[in-house]
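Two complexes, one shared chain (subunit A), two partners (subunit B, subunit C).
The block that comes next holds the complex of A and B.
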């Protein structure tokens, strides 16, 4: 599922850490030395449990972290460093080059404005030379693009007159209004049922083909990643622990956590129905109380005492364009 | 797909929907019409009043309501309906100005405090508390003593006292609005603080603001009347409903007590009407209520 992806790096995140200052309790790292990169036109899936730092990563890229967060490392987008950039420069990027499709379509639309007006706002914030009728017709076109029928009528509806799937489409329309270079879709389908989910993914796919934008797809649905992304990054406790092409991560899984995730998927072809679903024992640690060494070792069935519980693993190469942060992965020659 | 069939061919014009909802609210409509009637009658007094302003008929003296003088006459033989209509100009204008000015101040303070948070919030809210703890009537009396009792200074002083309530309500609303996801979404599309406040925060406060303006008109009429009654408000020869009450205050138990009733009745009607309008506005300005909702559509 490679869209017209090139080798040009669009976004490069290096050694990103997000540190929270708490008024009560201990300060902690919510994201620790995270690195990611996305090429132009590429789709990168990010998976992980709730609380693994997926959404925080997207907030860090947008420069919209909470006030008590301290961020370090580097985020380069189109060659521009985003960490420490001026707020006005970031505002210029947001919505124009960098777009986010919000997690919850039910609340991300303002109830007092019509959908059309909100889509128009996404355009006029960056270009206020357009007339009202031009903006309106752009909004109609965008609603049509995301597959809303009778867009000329629908453009004047309020969000509460839209169904859940339609609101999500409207949000997609808002986010792609300025043909951004990178779309961050933060669990765009979690609130929707499966058929609508497929339609939404289809819309995203079409838009990506049309505009050759890159996509950072945040989800906890491995199925969505398998069908949609070119590469996948698996996050655990604020860190990317495995990253690579979808096929090689899914079929030549290197990290025991990823193996556990894949193993815990329910399977239709499982013969023995009475056998309980596999689950990874234990829980993801709270970022305030990460264990020593590899943060996954207390739950890992193959952890090596004296190594995994003391040393933080470095990134090992598990294959061409496939890396994992695990002591037990043997480095492969890149060929 | 349900979403395809749900397209209804209804006028989607926001303004006409607002009117529909407002009209459906019977009491609000009644209040609105009453208020409109009062305004036309008072400000059209030169045309509608049965007698010219201040026309005295000393030989007639005070007479109870009759066909010639619907609300009777006062001690100087002036037609009381005419007097009340002219006094209404002052009362209504003062009340409206006070409501608008105090709401504007309150919304400004509330939005800034709620949206900015931190020390701005603390500073503004402590100032608000300061205004709240001072006994209003005493402060008003003192301030008006110092500033003179022109209508302008009355508006100024009443507004400076009246903004605290709306400021607190607005701040509370903004605190919760600020965390709503559509504000974050606006930030994500690159909107700056000014755009977010104008396009996303203020429109969501529309109901609160409208209701507050209405309630503030009502309370301003009452406070102005109170002050005038106590002698600190509008000064004779200028008249307002309040100082008409005050001038008639000694008449309880006499045959001229109607001079006390009628200004009081007008105050009562105006305040009630304004309150009903406020209620109707609140319901009509919420796009999710009334005929704007899906249930409303099905009923049609």
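The block that comes next holds the complex of A and C.
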């Protein structure tokens, strides 16, 4: 699904590392040398197992990492460096140019304020010239936009009076209130059932078309990526190990981990349905105990002894606008 | 809300009736109202008084006579002072409530400020310092801390500056023989209120800190920050606004307990409040004062519980009353 994307780079993350100082136990890198970029109007899907650092990447971009995290590298957004930026500058961006749709709609809304008040707050913190009634009518419009029926009465409801799907819609309304340049959707459909999931994605899609925002869609659902993103970045153990156009990554998969992920999907057209699903052997290592060399090598069926278990692989070009961090990928000529 | 409060008050009537009967029964079995007369060893007098007071009737009849007396305002006569019980309890209750309202208010404000401060700066030096000070506050016995306050804030400054009278008084709540003025009352209040506050602040600020930490690490606080809401406002309007629950519980329980006894504080500062009245009556075996005293404190517990429940409803829209 291609939106009106241009070549202008909106967000560029370079060599991002997030390091945790632990009060007990060893310090560790939760994200290691991660790079990715998003053009204006583009949708980038980020997939990976739980614990691969997807949500942490979004927190790093928003500047909302926990206090014991140390971050290095560069995050450039609209030409502005976010790492080391002043809190007041970051606050200006948050919610206005850079919005996040939270993961768990059940807990992401404040239980003691009405939905309308919380949406209005997203607007009023960046523009305090609006009157109460103007804010309210903006909140009603936004609820209408995300497909909540009877928004005039619903606006005064508290979150506990909303269903799960409605809360997720309300969160979307809140994050798009100021028509941000980049929306980070952190597993926006995880807590929802499949039909509601499709509706929510549809809402996101419509809004993105309307506002020409870029979207960073974090998910572990490859199906959502296939239907929704222009490009995809696959994360493993705190790093992007493969990145490229959705078709290119899905059909000309370069990294053995991505191949394993795609291979473990159940398929309706499988020849032998009684066969058990493929699974990648072993578990993703904890970031505190990453193996030497390529962090995937203990689980990799084609790992080369003496190389994969000693050297951290560099990024190789697997095709036009398609890269993979694997020793076994042959560099292709860029065209 | 009003319907709920009304319903709750109606529901609490049986509790009061049963509670007051148990009170009456236990006090009636434990105390002999004629103990003093028995020293005279005149059986005539004993019999006459037994009949006059209705002590030969069944316990239910006696209870009923006592309860209807209580409800209609006839609380009987103290065996200790021979004075009417009602004005005794009224004046003691007024004094205690005055002390209590200021103490609770002051302790509440200080506890919330310190608790929020501590939570926002978790694991910082000031957090550790405040934690240490609260344990100290918990460990200070009121009788000792009250005396320390008297020495440090009243006696020594007076000697040091050669004043005619101390800045803060430490006997009673009014100066004897003078019309009570606001300034005069305030000068009497400072030290007992401080004594009362220390222990309360120590516990309450811990509760505030704990529930603030919960709230600050919640998803909705993250959402608020992601919207670009300034830190201060996130703390007050999102985190603190969600943290009142445990504090309401502990404040209402403490307040209910204190209605009956600031025993130590009142003793140290010679304040004629409910605690002292209880102690004096108990030592003198004055059942006529003890009974209504206990009923009043029981009512206070019920009312404060009701207030706490209404507060939950006002503070959290998920609580339906």
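Just so it is clear, the second predicted complex is superposed on the first by the 334 of 335 C-alpha atoms of A that agree within 3 Å, B and C clash if a C-alpha of one lies under 4 Å from a C-alpha of the other, contacts with A are read in each partner's own complex, and residues count from 1 in each chain.
The working rule: contacts are C-beta pairs under 8 Å (C-beta built on N, C-alpha and C of every residue); 3 or more make two chains touch, one makes a residue touch a chain.
Fair warning: this is a prediction, and the values are worked out from it, not measured in the lab.
With subunit A as the common reference for superposition, the partners subunit B and subunit C occupy clashing space.
Shared-chain residue A:144: touches no atom of subunit B or subunit C.
By the touch criterion stated above, A:122 is placed in contact with subunit B and with subunit C alike. With both structures placed on the common chain, the touch criterion links A:109 to subunit B and to subunit C.
Of the two partner chains placed by the overlay, neither subunit B nor subunit C lies in contact with A:49. Contacts of A:179 after superposition on the shared chain: neither subunit B nor subunit C is touched.
For subunit A, the partner that touches more of its residues is B, with subunit B and subunit C as the two candidates. The superposed model places subunit B right into subunit C at 116-124; the other stretches listed in 26-34, 62-70, 116-124 or 278-286 stay free of clashes.
In the superposition on chain A, the residues of subunit A contacted by subunit B and by subunit C overlap at 62, 64, 91-96, 99-100, 102-104, 107-113, 121-122, 125-126, 158, 160, 171, 174-175. Contact residues on subunit B toward subunit A in their complex (touch as defined above): 2-4, 6-7, 9, 12-14, 180-182, 184-192, 195, 199-200, 203-204, 206, 287-288, 292-294. Contacts from subunit C toward subunit A in the complex involve residues 218-220, 222-231, 233, 237-238, 241-242, 315-318. Across the complex, subunit C is touched by residues 62, 64, 87, 91-96, 99-100, 102-104, 107-113, 118, 121-122, 125-126, 158, 160, 171, 174-175 of subunit A. Subunit A makes touch with subunit B in their complex at residues 62, 64, 88, 91-96, 99-100, 102-104, 107-114, 121-122, 125-126, 148-150, 153-154, 156-158, 160-163, 165-166, 171, 174-175, 177.
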